[in-house]
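Order of writing sets the labels: A, B, C, D and E. Residues in every chain begin at 1.
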Amino acid sequence: MEKRSVFKSTWLPIVFALPQLTLILLFFYWPVAAVMNWAFTLEPPFGGAAEFVGLDNFREVFHDPFYWNSVLVSIIFAVCGALSAIFIGLVLALAVDRQLPGSGFFRFLYILPFAVAGPAGGIAFRFILSPERGLAAILNSIEPDLWNPAKYGSHALAFVIMIFIWKWAGYTFIFLLAGLQSVPRALIEAAAMDGSGPIRRAIDIQVPLLAPTLFFLLVTMMTEGFVGSDTFGMVHATTAGGPNRATEVMVYRIVDEAFHGLNYSGASAQSIVLIGLIMVFTFIQFRFIERRVHYK
Amino acid sequence: MIQRTPFADALTYGLMILGFLLLIGPFVVVIAGASQSLQQVNAVPFRFMPGTHFLENASAAWTRGDLGHAMVNSLIMATLVTVGKVALSACTAFAIVFFRSPLKHLFFWTVFITLMLPLEVRVVPTYAVAADMFTPFRLLIQFLTGIEIKVEWNLLNSYAGLVLPLIATATGTFLYRQFFMTLPDELAEAARMDGSGPVRFFFDMLVPLSRTNILALTTIMFVYGWNQYLWPLLMVTDPSYKTMMMQLRALLPAENGIPDWNVTLAGSLIIMLPPVLVVAILQRWFVRGLVASEK
Amino acid sequence: MAQIDIRSVRKSYGKTQTLHGVDLIFPTGEFVVILGPSGCGKSTLLRMIAGLEEITAGEIAIGGTVVNRLEPRERGCAMVFQNYALYPHMSVADNIGYALKVAGVPKAERRRRIEETASIVGLSDYLERKPAALSGGQRQRVAMGRAMIREPKVFLFDEPLSNLDAKLRVSMRAEIRKLHQRLNATSVFVTHDQVEAMTLADRLVVMNKGQVEQVGQPLDIYHRPASTFVASFIGSPAMNLMDSRIEGGTVRIGGHAVRLSPAAASLEGREITVGIRPEQVRLSSNGTGVMAVADFVEELGSGRIVHAAMEGQAFAAAIGEEVRVQPGQPIAFELPAEHLHLFDRESGRRIEVEGPAASPVAAVPALALS
Amino acid sequence: MAQIDIRSVRKSYGKTQTLHGVDLIFPTGEFVVILGPSGCGKSTLLRMIAGLEEITAGEIAIGGTVVNRLEPRERGCAMVFQNYALYPHMSVADNIGYALKVAGVPKAERRRRIEETASIVGLSDYLERKPAALSGGQRQRVAMGRAMIREPKVFLFDEPLSNLDAKLRVSMRAEIRKLHQRLNATSVFVTHDQVEAMTLADRLVVMNKGQVEQVGQPLDIYHRPASTFVASFIGSPAMNLMDSRIEGGTVRIGGHAVRLSPAAASLEGREITVGIRPEQVRLSSNGTGVMAVADFVEELGSGRIVHAAMEGQAFAAAIGEEVRVQPGQPIAFELPAEHLHLFDRESGRRIEVEGPAASPVAAVPALALS
Amino acid sequence: AAPAFAEKTKFEFWHGLSGDLGERVQEACKKFNDSQADFEILCTSQGGYDTTLQNTIAAYRAKKQPAIAQIYDAGTLDMMLSKAFVPAKKLMADNGYKIDWDNYFPGIANYYATAGGELLSFPFNSSTAVIYYNMSAFEKAGVTAKPETWEDVAEAAKKLKAAGYECPMAFSFDPWPLMEQFSAIHDQPIATEANGYKGLNAELTVNKTKFIDELKFFKKMQDEKLFVVKTKQLGMDTVPAFTSQTCQITMSSIADHGTVGKTLPEGVKWDVGMLPVFKGTERKKSLVGGASLWVLAGRPEAEYKGAAAFLNFIAQPDMVQWWSTVTGYIPVTKTGFEAMKKNGFYDKAPYKGREIAIESLTLTQPSENTRGIRLGNFTQIRKEISTALEAIYMQNADIQSTIDQAVERSNQGLRRFEKTYAGEKLN
């Protein structure tokens, strides 16, 4: 989409864009260039001359089963987290959209978890769901190990996904509610005239019409799940990737590899693969946004 | 609409309450835990009734995490990130949307790509840049002229260092771009007919009209700035610059000490509070600004 | 096929009352048009018939059954919405067939009826298209098809033409009319466009501020508006209305005494409002008559309207092309007594005067056939 | 007060050419209306005068100065936009006064002029309101005020009435007209509404597909459309156009030979398009004439339009109230020779026939003064 | 003499201790600042050992490193090859301090010294792993003697269990006691090339040593519910499990001696002992843990003067004794230890028992297997091993193959390290 362009000036746009562009060049492109460089060398932890090793780092990364494990974990995390957050947001939005008395109160509250940092939420959840105290202790007193994220990888993964969902469900809710409210009321009424009840209307009319919003959220949430800064914080503050790498998402692995493993080069190679992945996502998203005039 | 749908209504309330338990329940647990005594908080099963020890726990957390100090830093950092982001992205979006310039696509993509790479993934080299801001320029000058320059500008352990790298991303620029695109062309044209140049137009029209977006972005950026975790952890070595989020770790029960989760929870509650307040207060505009921009 | 009875229906939103007691009967098979200015409560009334709005007080019966407590789907009404409210994600066939699907009609049967309906509304070739890929007229037909397929007892239309451009509107009006002739269900059509109302209605209901001003045949209403509101709302340019009083069998307008028909003389002394349509005003042939000062002239090509000021009030007259008028020029008009409408000044209600009825409708000569 | 000269102006967006060479002169103080269908380039032309659009080729001069390279603000034009483009965050006063503020006019002086302007456009009581709190008509007046305050040499209007409802449009037209009379600046008004064009213009420019079809006085254009395009575009219902050829001084239409005026006989054998306006068609008094089958009748109260089919083509005729027509009924029409328009079939250009010119404008009797 | 208002030379010291121990470090810094007028040390806790190493590296890359950094045992080789430091000996010599380098316990010094014996960093907070017993619980369960061997521990655990204690012994996945200390006292290698001392081509070998037996033994104990896993993730780590009397035995650093004493309720009798060995094993000395102080290269000369002064200051006998008193860390010099022993420090509660650590560290002469560990990226190796332990004890993974895999991955890391520092020699 182009604006009927108005102002003509060569230097003004530059002046206006310059501050941010400078910051981006300094804090984004320059570091990214370094990451690129490191990915093809063996960067000594303390700096100094680095040996060029071509694609060795990538080869190593791709041959590492734990790398693929982290890719898998990331995909499960992002897909399950995104889908569940969207699903819950959708269900809540559909409920609130019916505008029964009192729904405004719920609407106000649902967005609050969005404000909580991943690590802070993580710590709270660590307490709430720790297997030997808190809520989970009640579960475990029914049957031992019914809930034990320290022991079962699946529990641990579910655990971090839960934090993700908790944080983002309110966010998707807001978008979906707005989407629902932009569905013309007449459509709902037309469906009512056609004999359709509230639940049927939700399924037949409202949800299909939300398709663009849903897709937008899917992409946004998946990206968030893959590289969102809270994703790292959540894992870091709770399971630290464990047990036995069951929750080692890609971002966590990269940071861990760089800082614990002092393997900047390997971490860089992984970063670049991750960038590639996100670019694919972003590309899809962009194509979509530009074409979102779907049903108009 | 005339509807007799007791079942659907009951289901609706059921779902909304379930959502409430799921999304707000954790806050309740945290509040309960934060106000209990050490014995209560470690009791199995956990009791959800808040106790009477909140102030005590909060003040213990406050001292343990040196939260007063950290609070000031976090506020400064989050505010600066917010202000910087809100201002700079508006300028960039203005440059991208309202000029016919061959550079605009370059600008656009330069900014846009930054969405793809989180700080976590490039944090080490970013640190190096923050340590010596002029490296790229120095290298460039040296490469071009052969002259070696000695100036340095170190951002480590400074508010600038906490803030500037966080401003270097595209979220805000996007929000504004989307909004600017929805403004009718006639607005700028009317302003032009009235004799207004681009700068005037920016300040007289765009800025006041972007109020909702500014508030939305303010909310997001405050939350984003406040919640930064890894970057300050790495960047700040001087305790006088430590932020709330950094202190989260200090609040955890000491590795081998007493499991005083009540203090930890009280502390994390304090840490969560400011962004939650900001979202709660600005939520109306936040929602409107966000949604308008994404649509 | 059902009569609609509306009995003392009221509607309030919170404290503000929107409908102040409406009593109407729409006989089976009639095409009723509800006309009124924006905000007068037309849609509200229609939606109450449909079941989309609660009835605050009073009763609505369809085919003899009181429907106040029935859900929309139980009332046997079908509705065509202003912008059609087509389901944008469904094909034409699915749009038309949705009601049947909800009702659980088997697929084959459904298909059959969809095709049948589509052929009636001329959409057989477009069944697989999405609404976005249809023209305005085609969309309207989908909306009609969707309403028809349920074989409703009552058709409701809420300004279904208001979003179309002038040309399309004319042809859509014709289509709706034809469809009604074919199906003959009781139809209620809401509009605020008087041309639409005049051309479509068997029976016209004029509403104002939540009340019914007049009910009747369109031409009847045109020729005998029951109130100044109706008089000024129907007809374009609007009827000229001038305050006066009857003195000696005449009314004084624009400095001139206009003689009334003898029957009107009985109203001697009454404060009235006199109305005359711009088309019925004639230029005075001898320079005497009701005086006004020309303000400006609208040239319509096919004719012209002089906008003038008469004793400070606006006064319009349709004049032929033969005359040139300059702004500021004084003009004398004749107001033929048989075309004058008299209204009570205070209530605005029509004063019916026997004898010189303004309606020439009675005398229509049969057209010579070829 | 300035004349606008448009010389061989062209406009291209990338490869597609939107204006194909426009030459026009708008004399000082005239009210010029540019009329044409959507997309024909009206706005583009207007915006080029305003300086909002680059001129690809050719020259525009205002008051004798070529303005091609001047910024909008340097051209002395003021513009009223379609949706007014009011600054939504500013009060009425600030909207009106913005241009002065930009120009650095001192505050007191500004205030004075704002109040003056506001009183002219009747907004003195609304100065502190935001545009959102105004009605459509009030908004339009703000837009006018904003344009006026600069005392421009040229007023430009880009469909400023198209968003208003019918009633408001009529009164806004009158206001614009009055304002023009008061200020007497050269005004260029763009519209695609022919009634608007006819009623407002001193001089009418009809455009089609990036070209000027005809320039002239409105009635002149109505009575002597230069092409079939103009003929069908101006007048409502549109002129009936029928293809035919001249044979023996007659044209064959609807199974009937219509005799032309003797002068037209010189065109013997030519392929032409014959036009006649619905208002000029008469019902045949003796049942013979051009035959058509009635399709439906639109009752307008003040008259009625018969829509009929003639040799498969739509044909409209305005008939009086005295006649009743049933759908399906055959009708015979008379087409008076003096009201026929002839166009070259291929080019669509008017064929001017001396003698029985269809224009009765020449013979306007002076109106008797009181 | 410097003028009264002369600027003090300021320099930074980053350490990894937090909580109570962190405050003790601050106190030491304050003592130094108060003791003289020329220098001011700025001490900053980085929150943990690993973050201290990370931050130091990042800072060094950015040329913003502190003058002194506290680096834990696991980071030793990373530091050694970095060339980013000033060797301890050189620093002191350059600044005119005469240090009796032989005064350091060889068992401690060797960890931080070159093959030739030259000390590169300053031993500071040194520890070793010990086992903690709840003697009150022992009494109740009828355990009379402090266990010496793992078999004794198993026996005691059984009795505790019989007496109704749900968790006789707590353990976690920390490789430091389980792998490193165990290997040393059982005279088992951790890696080839003398645990890496002889070259960068060392390979981890713990998958072929008694370490495997130990893991099997622990597994068996766990299956019998005598040994119980306690971690943060489960809600409570081993030491809190011990101090809350949830568990009655645990292994931990002697550094926690102070904390344990303070945390256990009054009246509970407890004791520490040397880490148990398997029956019939000839016990060797254990490895020194904790951290040492590295002086980083690339700072202005003046700061080195201050750094040397500080290092000299904390090596004074009274400071050594103070430090060992207020923390559980052991004195690192022989004279320091002798002095403390002489004035009866170790005889009375709450310090009684801490001598066990010295005893454990000095039990035998350092040998290839007990001298220390000299492996690159050792942080990562620890992580590999502890992940493996997690898999074994939480998810029932097969012991041998899991450790094999961890060893293989560790070796890959070692090879990358070797390649990164290709051509470097260990001296």
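Definition applied: a residue touches a chain if its C-beta (ideal position, glycine included) is under 8 Å from a C-beta of that chain, and two chains touch if they have at least 3 such contacts.
In UniProt terms, the chains line up like this: A = sn-glycerol-3-phosphate transport system permease protein UgpA; B = sn-glycerol-3-phosphate transport system permease protein UgpE; C, D = sn-glycerol-3-phosphate ABC transporter ATP-binding protein UgpC.
Remember, it's a predicted structure, so these values are computed and weren't measured experimentally.
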When chain C is superposed on chain D by its C-alpha atoms, the rotation angle in degrees, nearest 5: 175
Chain whose average C-alpha position is farthest from chain D's own: E
Cα-centroid distance, chain C relative to chain D, in whole angstrom: 28
Centre distance in Å when chain A and chain C are each reduced to the mean of their C-alpha atoms: 57
Chain centre separation (chain A, chain E; CA means) in Å: 39
Touching two or more other chains - residue numbers and ranges from chain B: 1, 3, 124, 128, 130, 189, 192
Contacts with 2+ other chains: residues of chain C: 51-52, 71-72
In chain A, residues with contacts to at least two other chains: 6, 132-134, 189, 192
Chain D-facing residues of chain B, complex: 184, 186-187, 189-196, 200, 204-205, 208-209, 211
Of all residues in chain B, those that touch chain E in their complex: 124, 127-128, 130-132, 154, 156, 233-234, 237-239, 249-250, 253-259
Residues of chain B that touch chain A when the two form their complex: 1, 3, 5, 8-9, 11-13, 15-16, 19-20, 22-24, 26-27, 29-30, 33, 42, 44-46, 88-89, 91-92, 94-101, 103-104, 107, 110-111, 114-126, 128-130, 133, 135-136, 164-165, 167-169, 173, 180-181, 185, 188-189, 192, 197-199, 201-202, 223-224, 226-230, 245, 248, 251-252, 261, 264-265, 268, 271-272, 275-276, 278-280, 283, 286-287, 290-291, 294-295
Chain B-facing residues of chain A, complex: 1, 3-10, 12-14, 16-17, 19-21, 23-35, 38, 88, 91-92, 95-96, 98, 100, 102-103, 106, 108-121, 123-125, 127-128, 132-135, 137-138, 141, 166, 169-170, 174-175, 178, 182, 188-189, 192, 197-199, 213, 216, 227-230, 232-233, 236-237, 251, 254-255, 258, 264, 271, 274-275, 278-279, 282
Chain D-touching residues of chain C, taken from the complex the two chains share: 38, 166, 170, 173-174, 177, 194-195, 198-199, 218-219, 222-223, 234-237, 277, 279, 283, 286-288, 291, 295-296, 298-303, 307, 321-325, 327, 329-332, 360-361, 363-370
